[in-house]
Amino acid sequence: MNSKLAGVVAALVLALAACGSGQEGPAGGGTATPDASAVIEIGSLYEPQNLDNTAGGGQGVTEAFNGNVYEGLFRLTDAGKVDNLLAKGYEVADDGLTYTFELREGVKFHSGKALTPADVKHSIERVTAEDSQSARKSSLEAIESVETPDDGTVVVKLAHRSVSLVYNLTYVWIVNADAEDLATAEDGTGPYELGAWKRGSTLSLDRFPGYWGTPPANNGVVFHYFTDATALNNALLTNAVDIVTSQQSPDALAQFTGNPDYKVSEGHSTTKLLLAFNDRKAPFDKPLVRKAVSSAIDDAKLLESIWAGHGSLIGSMVPPTDPWYEDLTKVNPYDVELAKRQLAEAGYAKGFRFTLDTPNYDPHPTAAAFIKSELAKVGITVDINVITADEWYSKVYKNHDFAATLQEHVNDRDVVWYGDPGFYWGYDDKQVSEWIKDAERAKTPEEQTELLKKANRRIAEDAAGDWLYLYPQIVVAASNVSGYPVNGLNSQFYAYGIKKS
Amino acid sequence: MGRYLLRRTAFLLASLLLAASLLFVLLRLLPGDPSNALVSVGATPEQLAAARRQIGSDLPLPEQFASWLGGLARLDLGTSFVSKLPVGSEIAARLSVTVPLTLLAFALAVMVALPVGFLAAWRSDRWYGPLLNGVAQLGVAVPVFWIGMLLVTVFALRLRMLPAGGFPREDWAEPGRALTSLLLPVVTIALVMSASLIRYVRSATVDVLGSDFLRTARAMGESFGGAMWRHGLRNASVPVISILGIELATTFLGAVVVESVFTLPGLGTLLIKGIAEHDYPVIQGVLVVSTLAVLLIGFAADVVQRLVDPRLRAHVGGGRP
Amino acid sequence: MKGRHTFAAGCVLVGLVLAMAVVSLVWLPYDPSDTTGGRLAPPGGEHLLGTDKLGRDLLTHLMVGARIALTVGAGSVLVGGVLGVAAGLLAGFATRWLDDALSAALDILIAFPTLLLAMLVVAVREASLGSAIVAIGLAMSGVVARLTRVLVKRVLAQDFITASRTSGTSWPRLVTEHVLPNIWPTLLVNLALQLGLAVLAEASLSYLGLGPPPPNASWGRLLQEAQATVLTAPIGAIAPGVLLVVLVVGVNLVADGLRDLADPTRRSSR
């Protein structure tokens, strides 16, 4: 997976009632006695680009640091619940525009300084700053000011209601306002402090003796970084690592499933593979054409060939872990005859030809080849244009110079991009934009859910994009390791509960 | 000799300057935008502009060029766009893997190739002479990464004797573990490298064995060993040293691929990452350091050759003859 | 006699790969993007060599790979040969400072390592077949140019050339009538060796993900992809490697054979 795109995304939402196998707390179960002096060796494909999540640190730094080195005012648990963390509690004024957060006492940064409201103010303003590269920036746009009336309180004033504010604050790291260099060093309040980062190889986290909360169940963790799934699996097979945060290749799974030395857990992911149309330009400006294309592609078969039975179909942009999820796979079912009728009705009875901009890393080229052969059956000719991630940003994302493209979207709650006509795919429906805007300004989560459900249904009916499938989230660990997050997903990976026996 | 060294050094510096300038120009012709590595889906136009400002890719090119050359003169390779770490220290850290890997592989290759190559020539009439030659012929045709893959499969995945890849985070503080991690990569490179060396050694030996001076020396009553030692070695060593220089440089560069196979944190993997992220300072830094290494090896081979055979006259341009 | 046998053996090996490539132009067992074969089907039955992890026919991909290997090999020899011989001729005829400058430039080009140079070209352009050809060809041109220069100088030093030069033969005629005919056998042998190296360089680039993009998998990329399933489906990790060796050994044998045929007095020493 492209770590860049996965980007600064923060953790995935497994929102409130994380369903299915959403486990509260640790997974896995060792019967032997845990060894608190053990260091856990973690294998990952996502090395941080740098250590600052507001300066392009990427998915890797979220995985290694979120909750481990840095803490927010709130924590999103592995099950998707929002808990108090550095905030002891909060109050919201009746108009929903003033939030008063009460800070926990006795919290120290790794440098030894005590946490103050000024640090919280600084930390929030880092994310909203003009030069911030945080993907969270736009989600905090409602914030008008941050005030620090006394040593234990932070007051956030909003320009308009923001029902997800507390949820969004789980991604805002509280950093020491005096820290000078956060790109190659850290100063957080978490249970671990940075040991050493050997770029291209390992990043180690050591226990922080001055931690305010429960100390970690292990004596530290080391993230080992690999550039391809095969090397990662080999490391697990040869016991060089204890656990793999996110398995990206189904091929090696056979070696671990059914092997008593390993435990394979499948949790929830929010990463979606999209066939995104340029909704501004013909022929994809016609919903009927987009629907026809969606119906012409057998998503189930694609998922089987790439993920061999793992992962799921969603039919829209919202994964099952979001409160506003609905099963929309029937809206544009796989039906070649239907697709042909729709094409004829849209005036393309003889089909057409378009170029599919395809990122050059897996699974995009494979999916592109599959789509090409599927669409050939309804008379549509696909020219596959393979491009680099860099070109994708310039050509597709910035310049909107494309007909259709493939891309994986890892962000949680990213259905909101369909409310922005300036986004790369250019979906422009006044009603949807309004619903999405109102949803964030809703008074209650129920109201928010209601509005986002409507928006999601509408984009599915319009086939604003073709949501091919939802990735699986697979964690493989040695069987003597327990207490790891299974939904920790590509982004956050709380390491403090992991035990080795 | 002094004049020669001076001239050779001037040539080296000029080459380096030229290479550095060329690199800069080539990279800036790139259609890509390095700030793309810093943003993610959801970035606003303001954020995109801020990313460009942050890494200085919005500055005029001559200004960027001057600061790069100025830094180079102070041995400062700049700061990575992406990791924000100084490129010089990153390269230094990577060299602690790549240099031992190269030298060990090269030493092993030479130790294998010298006796085998000699034997293949000296005993070309016995059954094993042609066999050794055939094996070497095969060896030069095998892609180095394939050997690496096969060795990993057998020794790491099947037999579980050696690690499949990676380098201990303690580095050389634990020499045993560091060496164990390097064992398979070293053997991989050495296998391929020795194959091509064997062919050179064999050919040099064939030439010496058939030479008049050896026959003369033998006719004058010297033992074969003595004649070889006194005349053969010296005559064979001149071309061999030059080849060794080239091969050492090749080994160093071949390490790029092998580091990838074994996920070693070396110069090669740094370069590949830099290319993927359009991280110009890193790409420039690695390529300048590699070019310098190759030039220095060539320099050293030249000097050694002169010491061995003072008959060599100044070769214009100083390149390997 | 020996040269002829070597040459013939090389031709057989190269011919094998060439045949695969030629056939692939008109017929393939399956469409390269056809994934109906089922994951990792074993060899035999409908798929002679089995399928890969996406259900694509391995033999089909090997045939397409043969085409890519030969295209890149021949293409980069063409690029490197034309550039190298041109630069070499220029340097060979040049005297004093121009000769010095050209030789120095060649030395720098050679010090700039092939694979890294190729990686740089890929960075400047993009990962594609064309980039790989240009990159490898460029890197090769330095070596070819240096060899050409030495050969040209050697020819020019001969008496009959000096004679025809003083008698006013124009230098284009000199090149076509005297220089090229004298140097081409050696050049040809060298270019053949370079072709083998180019094929290996392309495989390395592809292995590193810098070669032509998928779905046009070259052998190097097939090997990289097969790494994930080397324990469960080893044939995918072996067959492309074997073909690479066959092609490169073949090319090297052709080169050795050519050398021996061109210069029967010299023993096949390499």
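For clarity, chains are labelled A, B and C in written order, and residue numbers in each chain start from 1.
Quick note on the criterion: contacts are C-beta pairs under 8 Å (C-beta built on N, C-alpha and C of every residue); 3 or more make two chains touch, one makes a residue touch a chain.
Since we're looking at a predicted model, the values are computed, not measured.
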item: Of A-C and B-C, pair with higher C-beta contact tally; value: B-C
item: Most widely separated chain from subunit A, with each centre as the mean of CA atoms; value: C
item: Approximate Å spacing (C-alpha centroids) for the pair subunit A, subunit B; value: 41
item: Geometric centre distance via CA averages, subunit C-subunit B, whole Å; value: 21
item: Separation of subunit A from subunit C, taking each centre as the mean of its C-alpha atoms, in whole Å; value: 45
item: In subunit B, residues with contacts to at least two other chains; value: 157, 260, 272, 278
item: Overlap residues in subunit A, where contacts from two or more other chains coincide; value: 388, 391
item: Junction residues of subunit C - those touching two or more other chains; value: 209, 227, 231
item: Residues of subunit A defined as touching subunit B within the complex; value: 4-9, 49-50, 52, 55-56, 58, 130-133, 135, 137-138, 183-184, 196, 198-202, 204, 222, 224, 226-227, 231, 234-235, 237-238, 240, 388-391, 393-394, 397-398, 407, 409, 411, 414, 417
item: In the complex with subunit A, residue positions of subunit C that touch it; value: 31-35, 39-40, 53-55, 126-127, 209, 213-215, 227-229, 231-232
item: For the subunit C and subunit B complex, residues of the former touching the latter; value: 99-100, 103-104, 106-108, 110-116, 119-120, 122-124, 146, 196, 200, 203-204, 207-210, 220, 223, 227, 230-231, 234, 237, 241, 244-245, 248-249, 252-253, 267, 269-270
item: Contact set on subunit A toward subunit C in their complex; value: 228-230, 233, 249, 251-252, 254-255, 305-306, 308, 360-361, 365-366, 368-370, 372-373, 384, 386-388, 391
item: Subunit B to subunit C touching residues, read off their complex; value: 11, 14-15, 18-19, 23, 26-27, 29-30, 137-138, 140-146, 149-150, 153, 157-158, 199-200, 202-203, 206-207, 249-250, 253-254, 256-257, 260, 271-272, 275, 278, 283, 287, 290-291, 294-295, 298, 316-320
